[in-house]
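So, here's a batch of structures to check.
Across the two complexes that follow, chain A remains constant while its partner is chain B and subsequently chain C.
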Partner chain A sequence: MNTDLRKDYLGIVFEKHRKLTAKERVGKALHIPLTQYLVFSAVLISFYILMQGGAVTSSFVFAIGNTMIYAIMAIGFCLLMGYSGLASLGTAGFVGIGAYIAFYLVQEYGYTFGVAFIVTVAVAIVTGIMVGFISLRIEGIYLAILTLGLSEILRNTFISLKSSIKIDMSKIQILGAKIGENEVYLLILLVFVVLLWITSNLIHSPVGRALLSVKNSSSAAQAMGINLMKYRVLAFVISTIYAAIAGLLYMMYLRNMTTSTSTLLAMTTSLNILGAVVIGGAKSLWGTSFGVFIIYGLQSTLLSKIAFFVENPAFITMLTGLMIILIVMFFPGGIAQIASNLARKYRESKLRKNVERRIEAYGRI
Partner chain B sequence: MFAAFLSTVCGSLLGICVTCLSAFAVTLIFRTSTTANFAQASIAAFGCYVVADCLNNRGIPVYIGVFIGMAIGVAIGLFIDLLVFRKGRYINELGKQIITMGFVSLFFGGTPLVFGNPEFIPFESFYNTTKAGTDSNIVINAFGGEIVFTKHALICTAITVVVLGTIFILLKVSKWGLGVRTTASSEFTAELMGIDTHVITAISWALACALGVLAAVMYAGGGAMISASFMAIIQVNAFLACILGGFSTFYGSVVGAILIPVITNCVGFLANFPAFHNISRWQLVIVYLLLMIVILIKPQGLFGKKVVKKV
Partner chain C sequence: MAESDRRYMRLERCKSRLAMEKEYKDILLKDIDEQVEKEAVAFEAQEREKLYRQHPEWMPKELVYETVYQAKLRQFDFDMEFEMQEALSQAARIVSKNPEQKEIQDSRLKELAEKQARLREKFTAHLEAALKEQLKEQVDIPPDEEKALLGRVEDFRLSRCRETQAKKEKISADEDAKIKKLEASLKKAEGAVSKTGLSMPEDTVLSVQNLCMYFGGVHAVENLSFDVKKGEIFGLIGPNGAGKTTVFNCITQFYKPTSGTLLFENKAGEIISLTDESVHNVICQGIVRTFQNVEVIREVSVLENLLIAGHSRFTLGLAAQALHLPQLKKQERIIKEKAMKVLEFMGLSDYKDWTAAGLPYGILKKIEIARTLMCDPQLIILDEPAAGLNDTETASLTELILRIRDTLGCTILLVEHDMGLVMNVCQTICAISFGELLAIGSPEEIQNNPDVQKAYLGESEEEAN
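So, the complex of A and B:
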């Protein structure tokens, strides 16, 4: 027997039992979500370190931090839309809840970040349950309209409460220690990565499977003993919590907002978050984060040197709209689906080449 | 006091007209293609910009310009229905809704690129009120006080009544109306009965977008600054009106659209009493909360019919 063929043959037989090379081991480790998130956060921390060294401008790092705040809203929304099939336009209102809690607790009453965080989550849970029960009573298609109305109520309430809010840097404390302006970036990073990890675990847990079954067929899910209302409200509450946390972090990071003119609490934010989730892929957390980067980060990081985009900031909004329309029409899985399709094609062509090479070499497999 | 109250209610006349037209357009699309058209307001704003451009830069008067704007609205409506909804490969109800949200982003970004900054349009010139030096208000003395209308609101009311009246009569008696009603109750059955539902939905989109532009021009004539999002508040009200009246009838949304501006102004009127002098800040919040309570009690809306699902 040809020695080459023998080696190949044994290679196939012992494929499973052979020792992995270092490269393969790294590849395998990168398939575990937690490793991915650790690598991801290492990259983001490196921006911070590079900024201290002066290699990266602080506006770049600021834009990345800003993008992460919107990404927190988006991964909550991803769970709501991709995994339970509900489209809500209330994100902006819930962001406002977090922002105003931050203002009242941190600025007015001098509490630390931890207290504000716990209160934000608690208020978001209560609001989410209340709103969820009201709006989910009505059939699915009305939900977006109703949450749009609710978000208007919240926005008007906030404007009536106080039309412009501001937090002093000196008031922000974590565990009793004051932190600097740039360290808030690390705080956002920590919250973002932890939430990513929690969400990814949730998606692969029985709860995530139940949500997915509700999305795919509510009748079949009910027949399997899944309580529709319970899981829909749960998804709604989770997305509310994420939005409120994002609002809290926004006030920590930007520390200043004029509610009546700010786009943060207007319908634009809700639409953009929905757009980010649709563009990136409603079922993929990485896709969603990438979608948010396209909408919120691209302009201020990579395109800030190109004069056309600086002069026409609305262009990216228009492009977003166009992408949403085309993606819903032709690629319902978003960029994540396009990427995985390309990856599969690449793997298939590699495999085919391999087989062809063997046929050429030995005349048979 | 009663005259002041009547005056307050009449103050909401323009709001009623604009909301009625928008709400009817939303219902028309909702019934025929089972999607909520979130782009209603942005398409209307785009059409209104066209009208303003005709008036300011080309000297075309409003009563001709509005037809040009409506034609643009018809074109956009047909484009969405014929080229986007029909050509898409994976379109379902949620997808349609998201596509209309995509159009909102498209117009939010595109309108400033095409027309530049938000502008104010001297629509009063159309009524010769500023030129001739006449008063833009009409005052009636009744009930021991003065009831004030604006001429613009009266003209808009007349137009709205004629337009919506014609459409309702057509819905009742014409073949097109029969087609719309059949498609609305079940698209599949309508197709089996030999109705070309594609034509019906296309006409509905065209009509709805044209009505939207008409409403936007009326609203801008009342003194609103035109921007890509200036109709957003009207759209929210129109949606809530549809929910309040119930999507299952055409007149329900119109009744809802009359109620919302009237209730808003009535709540605002309470500020005349010393006990509620601070209420105007909370006006919208109170109205929306009232609406939410009604929806909680009657999820199908005031005129809605409960749909019983059969297995």
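So, the complex of A and C:
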């Protein structure tokens, strides 16, 4: 009986119409962005649950929460730099807006988180529009220096307003209910994943494509009916909103800050975020989030277990610096590029193996 | 001006929505048909598989032979090609390191090619023999069984058609209602648009009157006037630096002219003054341009380039895009279908998923032209479309330009240095030099015009002849 032949024939003809196997179905589902975000948030929630059970230390979860706050800034910056090609070093100043709104509204006037959130977004929109208009006239390195100056002005204004701010845990309310210290982690997680999803949606819609075309060729963009002013301002507004939200969440989570000595509102933050986006890949949200983890999360989660790094903390900064140099030199697309290269290599090697096996079989004829 | 502009924008948005809705109806109906067809094929496959499993000795002999043979051969060719590519890149690597190895590598590659050819002969012979041997014991399906099977498939298809008929009618009715509503709102918007009171000669789509463009003391364009008739291919020629591209930039509002009038009949059939439009609104009025040095968005794929070109057709706000609402998916679908149609028209379908960055120059030029077709323009402005193309590519470009004019009914305005192309396709040619009009007329008139000859060949043309 010619089972081989029949199998070949049926395989060739009916390949397209067969039912998917379970493994293929899982693979297909994982390609849907929404599933990715659900899985991602499930992993992050599991840290919280494990902490309740005592399996992971609370300092580990705290570090993850802290990383997520910086990641919110970074994905906004990713949209600004990777998609619209505008270099800004003003992130830190915009973070301060959120932090001080949180202090004044929540601590001084006793408003709930929701009100503070809405006010933060509104103020960020106004600031973003103003900076966005400036960005129309100035480009490249000059814009970076200008935003840097703006950020310093904001920082000094905040210091003279109140040099040290503090929020009491008892003042933090969501929808009228008081929440505990650890539940703020879940709040941050929710905001982070939702913003990640929204950003990814924007990137994969006409807006994202319009931003890319503005970055690549402003004259072609204009000829295609894309309003340069609108999209540059939009990019600035979005990144400002994200930075301000990050500041708000920072104050919810850490609850006190001495502005004059804290690095949060200093140039360090802006540069670190830039570094994270470069390491992760300016066009990839997942890569950027991972880059933030390397810069902000690695030290307190993994490297703190290694005695060498605990004794010589300066080496950690050197390590990240070295990494940025190597990545810029060899992989301008960041970790996202490395990952996609590896995936391609893997596929290619699999294909090569199959071809070699078949060629060997041809040789035996 | 702002108020009437806003009214016009509203009108355009209405129109865009209406056009999209009409396209969407076709897409939905087509989707249902395709789904039924797919189900029917899947059903046939299932039935056949069942049949073959029940009666292992039955098999459509010729068909099996042909299918398996072709598939195996394709696989073989693919493998050989892969091996060859690997060998080629390896050889290139070695040669780039030490060039004296070149001959050895060349001969090695030649050997491989010969080996592959020998193997292919052997393989085909082996495959034929093996298949014949395997098919010897098989019998064809009895005709009545085959007939019964096909009948079952036909029944299935018909029943599915009947089931979907109701759905189709419902979709049709829904879409028609939507279209009617949009048409009504369009009428209202049309009524609101005030007539501009400008007038142009009959049959003219673009009228340039006394255009001047000065950059400080440089008079790039001086008192230039010409009319472009509907449906014609109009050529603008002149020596280097004559100000041709400046004229284009003035028409598309990249430069605001120093003085002069630019009248244009837009998609609504209304005559507008282009100088009142901002640069990104020109496309909404129906003028699209290409660029001298290709301005393709290199970071994204060819298809996405076309989607960017369709940007002005999207009517949704930021919230719908941030949340990926169903309306966005619908519009994306419509624009994508349109893009696929344009790609097919341009013969670029194979390149749709390629990133534009690595594509050859000729393809990039074609993408630029494809982009202009995304918004059903009235007037296409081509800035040196043949620059950097070889003779074959120029010939196919000529054919393409004519095809665009004939099938889509657009007016085309082009600047070109390639006189062969200009004389072949243009009905009217306007020659300029140092920003001033030299002559305007048919290709023959321009060729015989002494002023034009002087501008191109210099004063001593008698001697040159």
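The rule we apply is simple: the second predicted complex is superposed on the first by the 341 of 365 C-alpha atoms of A that agree within 3 Å, B and C clash if a C-alpha of one lies under 4 Å from a C-alpha of the other, contacts with A are read in each partner's own complex, and residues count from 1 in each chain.
Keep in mind that, in the parts below, a contact is a pair of C-beta atoms (placed from the backbone, for glycine too) under 8 Å apart; a residue touches a chain by one contact, two chains touch by 3 or more.
Note that the coordinates shown come from a computational prediction; the quantities given were computed from them, not determined experimentally.
Visitor: Mind working out whether A:153 is in touch with chain B, chain C, both or neither, as first, second, both or neither?
Guide: First partner only, chain B.
Visitor: Given the touch rule stated above, what does A:134 touch, chain B (first), chain C (second), both, or neither?
Guide: first
Visitor: Is A:338 in contact with chain B, with chain C, with both, or with neither (first, second, both, neither)?
Guide: neither
Visitor: Do chain B and chain C land on any of the same chain A residues, and which?
Guide: No residue sits in both footprints.
Visitor: What part of chain A is in contact with chain B in the complex they form?
Guide: These residues of chain A touch chain B: 85, 87, 89, 134, 137-138, 140-142, 144-146, 148-150, 152-153, 156-157, 160, 266-268, 271-272, 274-275, 278, 312, 314-325, 328-330, 332.
Visitor: Spell out the residues on chain B that touch chain A in their complex, using ranges where they run on.
Guide: Per the stated touch rule, the residues are 34-36, 38, 84, 87-91, 93-95, 97-99, 101-110, 112-113, 229, 232-233, 236, 239-240, 242-243, 281-282, 284-285, 288-289, 291-292, 295-296, 299.
Visitor: Mind listing the chain A positions that touch chain C in their complex?
Guide: These residues of chain A touch chain C: 1-6, 8-10, 12-14, 17, 198, 201-202, 204-207, 209-210, 212-213, 215-217, 219-228, 234, 283, 351-352, 355, 358-359, 362-363, 365.
Visitor: Going by the contact rule at the top, pick out the chain C residues touching chain A in the complex.
Guide: 41-42, 45-46, 48-49, 52, 56, 59, 64, 67-68, 71-72, 75-76, 78-79, 82-83, 86, 119, 122-123, 126, 131, 134-135, 137-138, 252, 254, 278-284, 288-289, 291, 295-300, 304, 307-309, 311-312, 314, 316, 318, 321-324, 328, 332, 371, 375
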